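Before anything else, here's the structure in question.
Chain lettering (A, B, C, D and E) follows the sequence in which the chains are written, and residue indices restart at 1 in each chain.
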Amino acid sequence: ADGLQEVTLVLDWYPNAVHSFIYAAEEKGYFKEEGIRLNIQYPQNVTDPLTLTAAGKATVGIYYQQDVVRARANEDIPVKSIGPIVREPLNHIIVLDKEKTIQSPKDLEGKTIGYAGSDLSEAYVKSMVKADGGDPEKVTMQDVGFDLVPALITNKVDALSGALINHEVPVMEEKGFPTRTFNPADYGVPNYYELLFVSGDKTIEENPALLKAFLRASEKGYAYMKKHPQQALNLLIAKQDKENFPLSPKVEKKSLQILMNTMEQKEAAFLSDSTDVWQQQIDWMSEQKMITTKPQPTDLFVNLLN
Amino acid sequence: MRKMLPPLIVMLVLLAVWEWLAHLIASPYILPSPRQIIEKIWLLREPLFMIHLPATLAIIAIGLVISLVLGIALALVMDASAWLERAFYPLLVVSQTIPTTALAPIFVLWFGYSIWSKVLVTVLIAFFPIAMNTFDGLRSVKKGQLELLQTFGASRWQQFWKLKVPSAIPSFFTGLKIAVPLTVIGAAIGEWLGAQSGLGYFSKRMMTQMDGAGVFAPIVVLSLLAIVFATIMTIIEKKYITWRKEA
Amino acid sequence: MVVAMEDVYFSYNEKVILSGLNLHIKAEEFISIVGASGCGKSTVFRLLLGLEQPQQGVIKKPGKIGYMPQQHQLMPWRTALDNAIVPLECQGIKKKEARRQAQQFFIRFGLADYEDKKPHELSGGMQQRVSFIRTLLTGADVLLLDEPFSALDALTRKDLQQWLKDIVKVEKKTILFITHDIDEALFLSNRIFVATTQPIAAFECMDSSVSKQQIYAKIGGAMV
Amino acid sequence: MRKMLPPLIVMLVLLAVWEWLAHLIASPYILPSPRQIIEKIWLLREPLFMIHLPATLAIIAIGLVISLVLGIALALVMDASAWLERAFYPLLVVSQTIPTTALAPIFVLWFGYSIWSKVLVTVLIAFFPIAMNTFDGLRSVKKGQLELLQTFGASRWQQFWKLKVPSAIPSFFTGLKIAVPLTVIGAAIGEWLGAQSGLGYFSKRMMTQMDGAGVFAPIVVLSLLAIVFATIMTIIEKKYITWRKEA
Amino acid sequence: MVVAMEDVYFSYNEKVILSGLNLHIKAEEFISIVGASGCGKSTVFRLLLGLEQPQQGVIKKPGKIGYMPQQHQLMPWRTALDNAIVPLECQGIKKKEARRQAQQFFIRFGLADYEDKKPHELSGGMQQRVSFIRTLLTGADVLLLDEPFSALDALTRKDLQQWLKDIVKVEKKTILFITHDIDEALFLSNRIFVATTQPIAAFECMDSSVSKQQIYAKIGGAMV
């Protein structure tokens, strides 16, 4: 009726600093300018952003790079990346600062690492320990379900894999638990995109214009956020307050500071993509035996904007 | 109000133990103390009671009604013939063993992110005890009374209303008393899996913030809700089901 | 013949109860059935009601029969009055009208003050009277009464016997009446069926001119 | 085996509908078809049946035993006095309304990642219908029979074994029939919250890999397990509880 | 006095059943209680058993009483034999020994073939006999029997009456016996208590030399 086209966006998680640019774009009316009525959804199930876009039930999702590779390689799920959001790993290994015996990944020998039960975490940890000169076989991996942080602060595990430096880390800091973190990209794991926009093959094929419009609006939101980080964050926090879900401004501010450095790099603009990153990831995952076939990078992403 | 005394005493003892435990553990993000939770509830009273409670209540109400209809219908179907009982019972068992998390994507596929996917989770959890207990009640109909009614030329409809329903009511109530807390938790789980409002949603959001008191505040509200419902059930039961023990 | 059994065989599991029983009852007859405890009297009623199926033989019976079972089978959740009106309710009569009809019987049978009591608040004899009223309210022309007065004191019993005897004449009912009281049988019946054998192959038919002793002799050895 | 026919027919119809639906949706990562799942079960038969099934069975077995003991004990306590009933019933209701996810960190704190935290989840879910239905059964004891027994000078112990237990058994069985599938799902949820093996754990692993058939394969095994248990319950019940309808 | 009531008042809700009843029964007496249906006979038993508490007055009774209730109260999940041995079990006697003791009665009362039947497989009179045996097996010296023979045919009834009369002499039992059969009361009892008023203020006590008609006259108007 209003002549706008509906875009359903399934977030990777509940709204937080990483989504500031989307909320900024929404509040500033950039989506409307592009003829889009945005409908933001939180996932009911972790895999929703991927499966629902693949099934055409959602237009765009926010998800993880390796899962896109695997979805394509192992299950032939018809999704592609349409633009990276976070260009570096956020999923670091985290240890409590007071744990002095772990200064680098090789010190994890003989220790227990809590993770959410994904084989990706297992692969990261083993690769990192190995790259650091340790013996991955001597590391114990403990599935702690969804309660990562409690497991660490009650000393049930010595380190965490699967917690994010822009969320769990500042939250723990706020609660009085300073931490030390190890970036997978520093220890043998090729750099990867932590978060990206995904869309179903069918949507990409049938309605590229809509996706392009969506990405343009997102870019504008990002530009605004870059210029006015505090205002963008405030827009997000205000929106959440309206929903009566108070985000901790301190945590989100910290989070955004960390994120700002990861969403764009000197040689790579926001949402721009390159074959290299995908190829490295495909090779590494294949090495780790996480994928059985090696898809072409071009099957995994599209650069719609150029 | 002397009847209120026993639960109050037990509750107080429990709260004291909890408070003591919380101080022992001294990690409010794992186990907040009752005092902290109550403070949090007071602090968050506006959003909790004005926005999230109504959202959850809507799911509970719709879920309970559908569970009742479905549960009773299934009980009737199984009571109607041994054939149908044998056919349906395994199905009910299966319905209870499928984790909602596995089905969640399908619910979303069909119902989107509407209230219905949460209602569905609620129904899936709550209809089973209603069905089983109502069925049990229907089976407890005394043969002698049924035969007599048949000699009076009672239609199946009349046999049902005059004999089966009253005979089944005590068991049905037990089923209801089991189901009512389950609709509450069902609604919470439904929201836990994905929602934009509701007490379960609120609790989960707080969990991502490691705000222990914030996690438990909506849960305490949920529990109180369940207790209120359960108490109403018990009062109705005590008032109307008095013939139970008379042969 | 209103009610008839032709060559009926019936057994519970292996235990044979009826072996080739014949039974013919004309309209407006009052038949008493007497016999040793456990010989199969109640079973004959159950067969006539279709609650059990004969292994062999033919049973003829009217569509509507009023049955008063040996155990009262009152519903514990209904009041005495509401228990009595169940047959009327089954016929689609409004509760209010049904209660009005039943109340006359409650008054006549000394239960006026007990209409609103639950069955467990009634004495044994009162429960039996409620069950009796319920049977009368079926309005059926054929009534099967299984020891209807066994829990009543002698005077109440006499009173109800007389009432029953009068009413069946007026209302032209056909009655089958199981009793252990030979005097009662003699007082009420046109014919008395005595179960003399085990299993019952035939009832010995006696009219009401026989003596009590003659019947005693026929029933034979006490206890099955 | 004619008794097996009805459930088999219904199951086949259901499978057909499912297969058709799966082809309609044509997204095996959301809804795999039965054929795909069966293939997967066959493919994964070794780990499924040799490693994960035994792990889950252990949780179910221990959980069921504890649920029985706890459920029956609570029923007895509540039957012992109206005071205790009023004191405990709200507590049971509360126990049902607390999402396991909220309690999981506390369980882990106390029991670590041992089998006991999973057993606890199982017990928390399964004891409630057992307690409520057993309590219901105990309350259905006929007053006349109890009074008579008392005139025989029966001790409370004798009253319990000779009258209360047999009277409660039909309801108890209904409780058990509700609880058995719940122990299965309880074990799965427990594993979902953190485990090293077990069918629930396996299913969760498959979910993170978006392997739809892999997610459902262990669930199907769980369901079959529940059906087997439930069928055993029903057979025992049909065999031993025959007096139900006799006044 | 083995059993006594002194000035006992009892009412169900507002309905007064006993108003100042006195009752004195000596050891080895056989007392029959007769009265209109619903007058309060069973209630007197319930008071003596302590199943109801008097609003006023004193009740004296032995610790152990054998009670046969008006309704049989057999447990549907036990066989006839296992129902009968419940009192023995309660005394801690082994099942096997208890069954042995009960079997003698089953034979004597014509139930030898029905030991393993469930209650619903028995006829009304059979259920009553099982209940009677169960009461005998309490071994109590004082027995309260509430219409124990009401469902039995005339011959079986006579037989059991005679048996009871003989046995109480030999075993020195004290019996309170509710019946509606005046002949039975006259035949069995030393004294007959007739409930003549409503509520029962006192039992009219008669010895067994009175005539049936005199008792009828005392019971008064039929039905409460």
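We adopt the following convention: a residue touches a chain if its C-beta (ideal position, glycine included) is under 8 Å from a C-beta of that chain, and two chains touch if they have at least 3 such contacts.
Source: prediction; values computed, not measured.
Note on connectivity: the fewest chain-to-chain touch steps from subunit A to subunit D number 1.
For the interfaces A-B and B-C, the C-beta contact count is higher for A-B.
Set against the C-alpha centre of subunit C, every other chain centre is closer than that of A.
Between subunit B and subunit E the centroid-to-centroid distance comes to 49 Å (mean Cα coordinates, whole Å). Put simply, the C-alpha centre of subunit C and that of subunit E have 26 angstrom between them.
With centres defined as mean CA coordinates, subunit E is found 85 Å away from subunit A.
Taken residue by residue, subunit E touches two or more other chains at 71, 73, 120, whereas all remaining positions touch fewer. Subunit D has residues 25, 30, 101, 105, 109, 142-145, 192, 207, 246-247 in contact with two or more other chains.
Multi-chain contact residues of subunit A (touching two or more other chains): 45, 47, 51, 55, 150, 154.
Every residue of subunit B that touches subunit C in the complex is listed here, in rising order: 142, 144-145, 147-155, 158, 162-163, 166, 243, 246-247.
Contact residues of subunit C toward subunit B in the complex are 49, 51, 64-67, 69, 71, 73, 75-78, 86-87, 89-91, 118-120, 138.
Residues 12, 34-38, 41-42, 70-71, 109-110, 113-114, 121-126, 129, 146-147, 150-159, 180-182, 216, 219-224 of subunit C are the ones that touch subunit E when the two sit in their complex.
Within the complex, the subunit B residues that touch subunit D are 3, 6-7, 9-11, 14, 25, 30-31, 83-84, 86-94, 96-99, 101-102, 105-106, 109, 128-129, 132-133, 135-136, 139-146, 170-171, 174, 177-178, 180-182, 184-185, 188-189, 192, 200, 203-204, 207, 215-216, 219, 222-223, 225-227, 230-231, 234, 244-247. Considering their complex, residues 13-14, 41-45, 47-48, 51-52, 55, 57, 149-150, 153-154, 167, 171-172, 175, 243-245, 247-248, 251 of subunit A touch subunit B.
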